[in-house]
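Look for chain A in each of the two complexes below; its partner is chain B in the first and chain C in the second.
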Partner chain A sequence: MTRLLSHLTQEVIVFLLAATLFLAAAIFLPGFMFKDGAFQAGNLIAMVRAVSVLGILAVGMGIVIIGRGIDLSAVAVMAMSVAWYLQMLNSGVPGWQALGWALAGVVAVGLINGFMVAYADVPAIFVTLASSYFVYGFVRSQLIVSDATPAPAGSWILELPNLGLVTSTHIPIDVYAFGAAVFVGFLFLRFTKWGRYIYLMGDNFMAARNMGVPVRPMTVLYYVISALMAFVAGILTTSSIQSMNVRVVNSNMLYDVILVCVIGGIGLSGGKGYMRNVVVGALLIGIMGNAMTIMDFTNVEQNLIKSIILLTAIIIDGLLNPRDEQTAQQGDI
Partner chain B sequence: MTLRERLLRLRYNHIPDHLIGEILTKRWTDNAIPFVALVITIAIFGTLIPGFFKPAALSDSTRQLGEFSIIVTGLTIVILGGGIDLSVGSNYAMSAFAAVITFFVWEQPLWVAFIAALGVGLTFGCINGYLIGYMRLRAFLTTLVTLIIGRAVFDILVIKYSTQVQQSQMASDVLDFIADETVYGVSVAVIIAVVIAAVAHVAMTRSRPGWHILSVGGSRRSAHNAGIRVRRTVFLTYVISGLCCGLTGFLVACRLSGAGPGTGAYLEIWALTAAVVGGNSLGGGRGSIVKGVMGAIIVLVTMNGLVRIGTGTGANQMALGLMLAVAVTLDIRWLKNRHKVLDEVYVTPVHHRMDDAPSALPGSGTPYALNNAISRTEYIGLEELEGPEDVILDRDDHLYCGTRHGEIIRFFAPDYKKSEVFAHTGGFPLGLAFDQAGNLLSCVGAMGLYSISPDRQVTRLSAETRRTWTSVVDDARLRDPNDCDVAPDGRIFFTDSTTRYDAHEWALDSIEARPTGRLLCYDPKTGKTTTVLEKLRYANGVCMAHDGQSLFLAESWACSVHRYWFDGPKAGTLEVVIKDMPGYPDNINRASDGTYWMAWLGMRTPSFDLALRHPGMRKRMTRNLPMDDWLFPNINTGGVVKFDETGKILGTLGDLTGISHPMVTSMREHKGWLYIGGILNNRIGRYKIPDADPNWTAPVAYWGEKP
Partner chain C sequence: MSASEQTATAAPIVEMRKISKLYRGVPAVKEVDFDLRKGEIHALLGENGAGKSTLTKVMAGVVTASGGTMTWHGKEVSFQSPFEALEAGIAMVFQETSLVPSMTVAQNLYLGSEKFLNRLRGIYISAQQFLQSLNFAVDPTAIVSTLGAAKRQMVEIARAVHHNAEVIIFDEPTASLTPEEKRHFFALMHRLKSRGVSIVFISHALEEALAHADRITILRDGELVVTDHAGAFDREKIVRAMVGRTLSGEIYNKKRGADEIRKPGSRVLSVQDISMSNVVRNNSFSIYEGQITGVFGLIGSGRTETFKVVSGIYKRDFFAGGAIELEGRPVRYTVPREAVKDGIIYVTEDRKTEGFFETMSIAENLYSGLLAANLEKKAYISLREMRALAKDWTGRLNVKAINDNARVVELSGGNQQKVVIGKGLIQQPRIVIFDEPTRGVDVGAIAEIHQLINRLADSGLAVIVISSYLPEIMNLSDRILVCRQGRIVEEFAPDEATEEKIMYAAVH
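So, the complex of A and B:
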């Protein structure tokens, strides 16, 4: 029994919880999995699809959190970079050139975030909070003309859902992208030197620095990765809704991304967690969101429930990884 | 002096650039940057926006400012305590909603609505405080989540009750007064904000809970180890912030007579930016309420100004993000590099020229020519002592000296083999003297003038003098009390070597060569300390003359000895007795034959003398070279000099081997022997003076036989 309990990590608990919820929803919620007694995959696919964008953002966020950082600018980068890209396409900038500009902007934001955290020693929370506001404000006031920017007809983004692979398997492109992101993230963290560095930095930053890990360039690197992931997520969002509405920056999406990471078991104090935690976390949020939508909860009510779950997750995280007066780091807020 | 040197002197001795460093040591300079930012912000928007300063416009914007600054005050307290409270946005909205629904829907009296608003604020504060203070969760994320929860609850409730609120017939004179009226042109919100800011300021700077908050913010671990209840203190900060939000919620409910979906949206980021732009350090411990209020004005003026200028959507967020990033970065860089800047600019050498000294080389034939007399002395306390700066003997022939461990050691007569710790002062005892009652007086380095009674009771006599009006660094505090002696009437004259450096930084003072030393007088009758002489270049030894009306005073970096009359017909006059000596004088003491002994702590060198005439070179040296490569005065060789009242040099005692007494800081004659101490030495030396009176002792000669 004790052996069994010792295997009961947060990740396993969340997975069991997700499975239970899934079963409960499947049995008791008409329309979740069975409609009028017949199996229907549509809702399940929609569910996974709904969390794919969130999941891709969470892959970037997860890498940052494992390295003991946090990226509050992810959603702003996602929305604003793609909106600007679409705006450029709409105003006749050649495709490759527009993509180049957009990517350059995304990388620049990542670089600035990383530089400010690594070289100017400003806490990540404030850097990314400030850059989130700045990116939103700058792009909205200087580069685009309205909240919603439609994708131009015939753009490659709109073609994404019609790829051969997608049409033959009936699994949306978002799911493939999420899977690919998780797989690449897994390979990166597990099998590359830089991936191992990120774990070392998250586990004990000073020790990693002392043993020669290039902590500053690595910090810059993971903020750039997070920004690029955000861009990918933005492209996918646009491919499914044919436009980019920058009001998403003011929504609770960012907290959902953090929720996916924390609830999946990526400890906020860094050094802990894997890509599979992102999958587990995303699934739980997906099942919950889907079930709540079927049960006719309004958006605001869903936010309330999710944020209470996030608070619970943070409390549990705090209980599992306690901090006390002797070990807490000064200014670690 | 050449014209060039005159110009140098004019430049370095009369332009007060040392004040830059002194001002930078002041904590209030932290306020200067936000204050300048505030003035610039108001100037920019005041010129860009027509009618910005019109009373009507001001009244409206100050009402909003009052409300905003209450929230920022609460948030500032949380930040000073090392936390952060993002939930202010929804907390405030919920409090406003509580007031609105109590008054308009449940039709309760206004004071009930007030209590409801405060209650909601308090509840939020307690939840945050419990989670962060007692459960020690991360402040940023936790309050972020309570922000979202509060916002979600508010959104649900406000939609549900909005029509009921709008249809309400409730009205109240008090509500209208709070919402629209002014008292002498000042709205209620502003009055409350000012009162709260003032109370908070006094509480943070002058009360125990305030100090606890600041110390928890400054160093959580140290505060914990010092016995402060860290968790409760942190809890308290969030409760205060919650109450501030509750109060503001009530005020805004009165002003708007309702609450809509947009109430309090983005307030948290506004408030956070305000607190940080004002210059409060994230992570706590450094900052003030005033800074928070200044930041509130800057942010609100900018935000409202941008709206009124008519910039497009998003410009506000851009400005906020930029302000937040710049303020946080500046704050962190400044905090990190402040001491480097200070090190760079604090040392500001002046021009100082001394005439060539007569040679002190052995056999040079000058009166200063050193011999090798004290190279072989009888050692006392060899390897037991560290830093006997001054030595003194009492009526029973026991020998006393200070050590750098903060103790006064007593060696027992007659052979001075056995010793004991006579007293512990806690600081480095420098100059020593006995008063008439047999109390041992000591200038304790960096602490002040102390008296140690024969039964070892340590009492502080003086630690401060009157501050000069023009001083920037606090010159009331004694930074480097050095030597003392007692006048026949019991007044104690003592020196404070420099006001710009601490005792252990004396070398910096020598490189700077700025005259800031003082002669002070402590009067036991009144218990007051007065400044007698100022602007001395490292005031060092003090010794009563045999006439009981004057004293000799050594000025180390000027290599001169002065005589100052404090009583008698010449009272108040100061005369130079010896100048341009080849050595740096330290303590002076009376000799048995009516003359005086003077210690040389080091010898002048031509290179350093030349450096003293080139302040620019020394300035570049302190900025561009590591300390190891600096040019310092030579303190590796010294000696003892005997002189008479007219300043005539009667002889010298030196140690050419540099083994026994390379540097001498004091010497005391007692029954035909000379006892020699050095601040960097590990022994006291005992030298038999040829032809000295074998029965003469200083206490008997000065105070008479024991009564």
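So, the complex of A and C:
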């Protein structure tokens, strides 16, 4: 029994919880999976789409958190870079040129975040918070004209849902993108030298630095990765709703992204977690959010329930994997 | 009847029965019985990692026991926090002080017992009176971070006394004190005893225990070896009980002949006048290939900082920071990575905070050394290579673990240290800096680590051993440097050095 319990890590608990919720919703909640006894895919597809964007952001965030950082600018970069890109397309900038500018902007934000954290020793939480405000303020006041920027008719973004692969399998493009992001993230973390470096830095930053891990370039790298992931997430959002509304920056989407990581079991103290934790976390948040929407819970009630789930997951994890001064990690929070 | 026999017959006020404490399933203390009587000084001795600190932390509520019972004044108790224990009357004075550095002495004294309306002037006056009653020359308005180690300890002790503690636990109280301060400390300990306070006193210094304790308890590998009156012990007997074999004597009492001392090879490192804020001051020395340079210094002498500058972990002052030459080439490292690339590695004294990666296995830890040094210039990692490397190095270093996938935190101190050393040696260094290589390492592993260090020097590397344990310095070094107040003040050849001479140079 105790052996069994010791396998119940947070990610397993959360996975079981997600599976239970899914089954319960499928059986008891009309409109979730079955309507009037007949299978219907529509709602499931909507759910998976919603989760995918969150999941892609969480892939970037997860890599940053494993390396003992945090990126509060992810949602701002997602919304503002894509809004600016669409704005450029709408005002007649040639496609490749616009994409180039937008990507350059995204990489620049990642570089600045990374440089400030790694070379100027400013805590990541302040750097990325400031850059979130800056990116939002600068783009909204200087580069775009209104909150919602529509995608121009005939743009490649709008064609994404109609790709051959997508129409033949009926699986939305978002899911392919999320899957690809998770897979690439997995390969990067698991099999490349730089992926190992990120784990080393997250586990024990001082030790990693002292033994010659290039900690500063690596820090810059993972903020750039996070910014690029945010851009991809933004493109996908636009492909499904045909425009980008920058008001999302002021929503609590960012907290949902962090929630996906933390609830999936990526330790905020760094060095712990894998891409599968992101998947598990995204599944739970997605199923929960969708079920609650069908049940007509308000946003406020949904937040309340999410908070309870988060606390429960953390408390159960604390009970099953107790920590004291000998097991506590450096920089644990 | 002598005084110590009188206390021996008094009823115990703390009684611990079959106390065990497991960390991740690894026992630090196994079914230990311990009792403490009113008004006695009870010395707790044992090698590093014997479980002395853990046992007393259970008593003081810092950690909770995994098994066993504890009674306090005859009632069974289980303290859940240090605060509960302190309320009951058990105070612990820690090895690393637990004062709030940014507050004044008086504020620290009253920490946790402030009145609702806290008036600074009031507590300064009463703190002043209180410190005077203890004969402590500490200014109550001084900020703790400005005090030296000895004064901080005085404040800790005063805080314990101030809480009217009936039991005070001292964890290695004399490690950072000068001889003069030690005399003061022991005088105080006896004054506390005469007031009826019971004292548990953890120490490495056997002479101190013999001179001042009423009873002595010796632990080894988490188990109780013996508890008896101090009169029943002598140095030999204690050492035997502590190590369980005479190995310790073999390690440290071996005399080296003049022909065994290695001659210096070519000069690899030349350090001139390096400075770093006020910790390292105009420090100059040279390091030669093919021999072991021992560096001795007390805590706060800047020995660790000096070599952290050499290995790029700290940056020396930008202006008037001095010069470092590696084989005649001036170097100024901004990050340790550059030093590692030049073949300088630093093996830390603090494994947990800057040595190993605790969520990772032995194999992953060893492999990280190879990856970080970037010796192979490959972008991907190879699990097969990692396993081969781990097999090779655990064999070479004789790391004892169930398998290479065991996590490093689950190993004993000695095996952890071997992994940390291995991780560095994999990087193919030319200069190896060992900072306290045998701190928290079990006796068996000490001998192995010493052999390893000797082998490295024999193979032509420049080896530096920093230690605050004199026998270790005397035993290993081909050349002894003594550090005091941020600089190397004296150099000895091992055949002319004595413990007294080195200590004199380090203190005065």
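The definition used in the following text is that the second predicted complex is superposed on the first by the 305 of 333 C-alpha atoms of A that agree within 3 Å, B and C clash if a C-alpha of one lies under 4 Å from a C-alpha of the other, contacts with A are read in each partner's own complex, and residues count from 1 in each chain.
Following the convention adopted for this analysis, a residue touches a chain if its C-beta (ideal position, glycine included) is under 8 Å from a C-beta of that chain, and two chains touch if they have at least 3 such contacts.
None of these values were measured; they are calculated from a predicted model.
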Contacts of A:I27 with chain B and chain C, given as first, second, both or neither: neither
Chain B versus chain C as contact partner of A:G271, first or second or both or neither: second
Which of chain B and chain C A:N252 touches, first, second, both or neither: first
Chain B versus chain C as contact partner of A:E301, first or second or both or neither: first
Dominant toucher of chain A (residue count), chain B or chain C: B
Touching partner for A:L311 - first (chain B), second (chain C), both, neither: first
Which of chain B and chain C A:R209 touches, first, second, both or neither: second
Which of chain B and chain C A:Y136 touches, first, second, both or neither: first
Touched partner set for A:V12, first chain B, second chain C, both or neither: neither
Intersection of chain A interface sets (partners chain B, chain C): 324-326, 330
In the complex, chain C residues that touch chain A: 23-24, 28, 62-63, 311, 313, 335-337, 339-341, 345-346, 348, 352-360, 367-369, 371-374, 378-381, 409, 423-424, 427
Residues of chain A touching chain C in the complex: 191-197, 199-200, 203-204, 206-216, 271-272, 324-327, 329-330
Chain A - residues contacting chain B, complex: 116, 120-123, 125-127, 129-142, 147, 252, 255, 258, 268, 298, 300-301, 303-304, 307-308, 310-311, 314-315, 318-319, 322-326, 328, 330-333
Residues on chain B engaged by chain A in the complex (per definition of touch): 82-84, 131, 135-142, 144-146, 148-149, 151-153, 155-156, 219-221, 223-225, 230, 269, 276, 282-284, 311-322, 324-325, 328-329, 332-333, 336
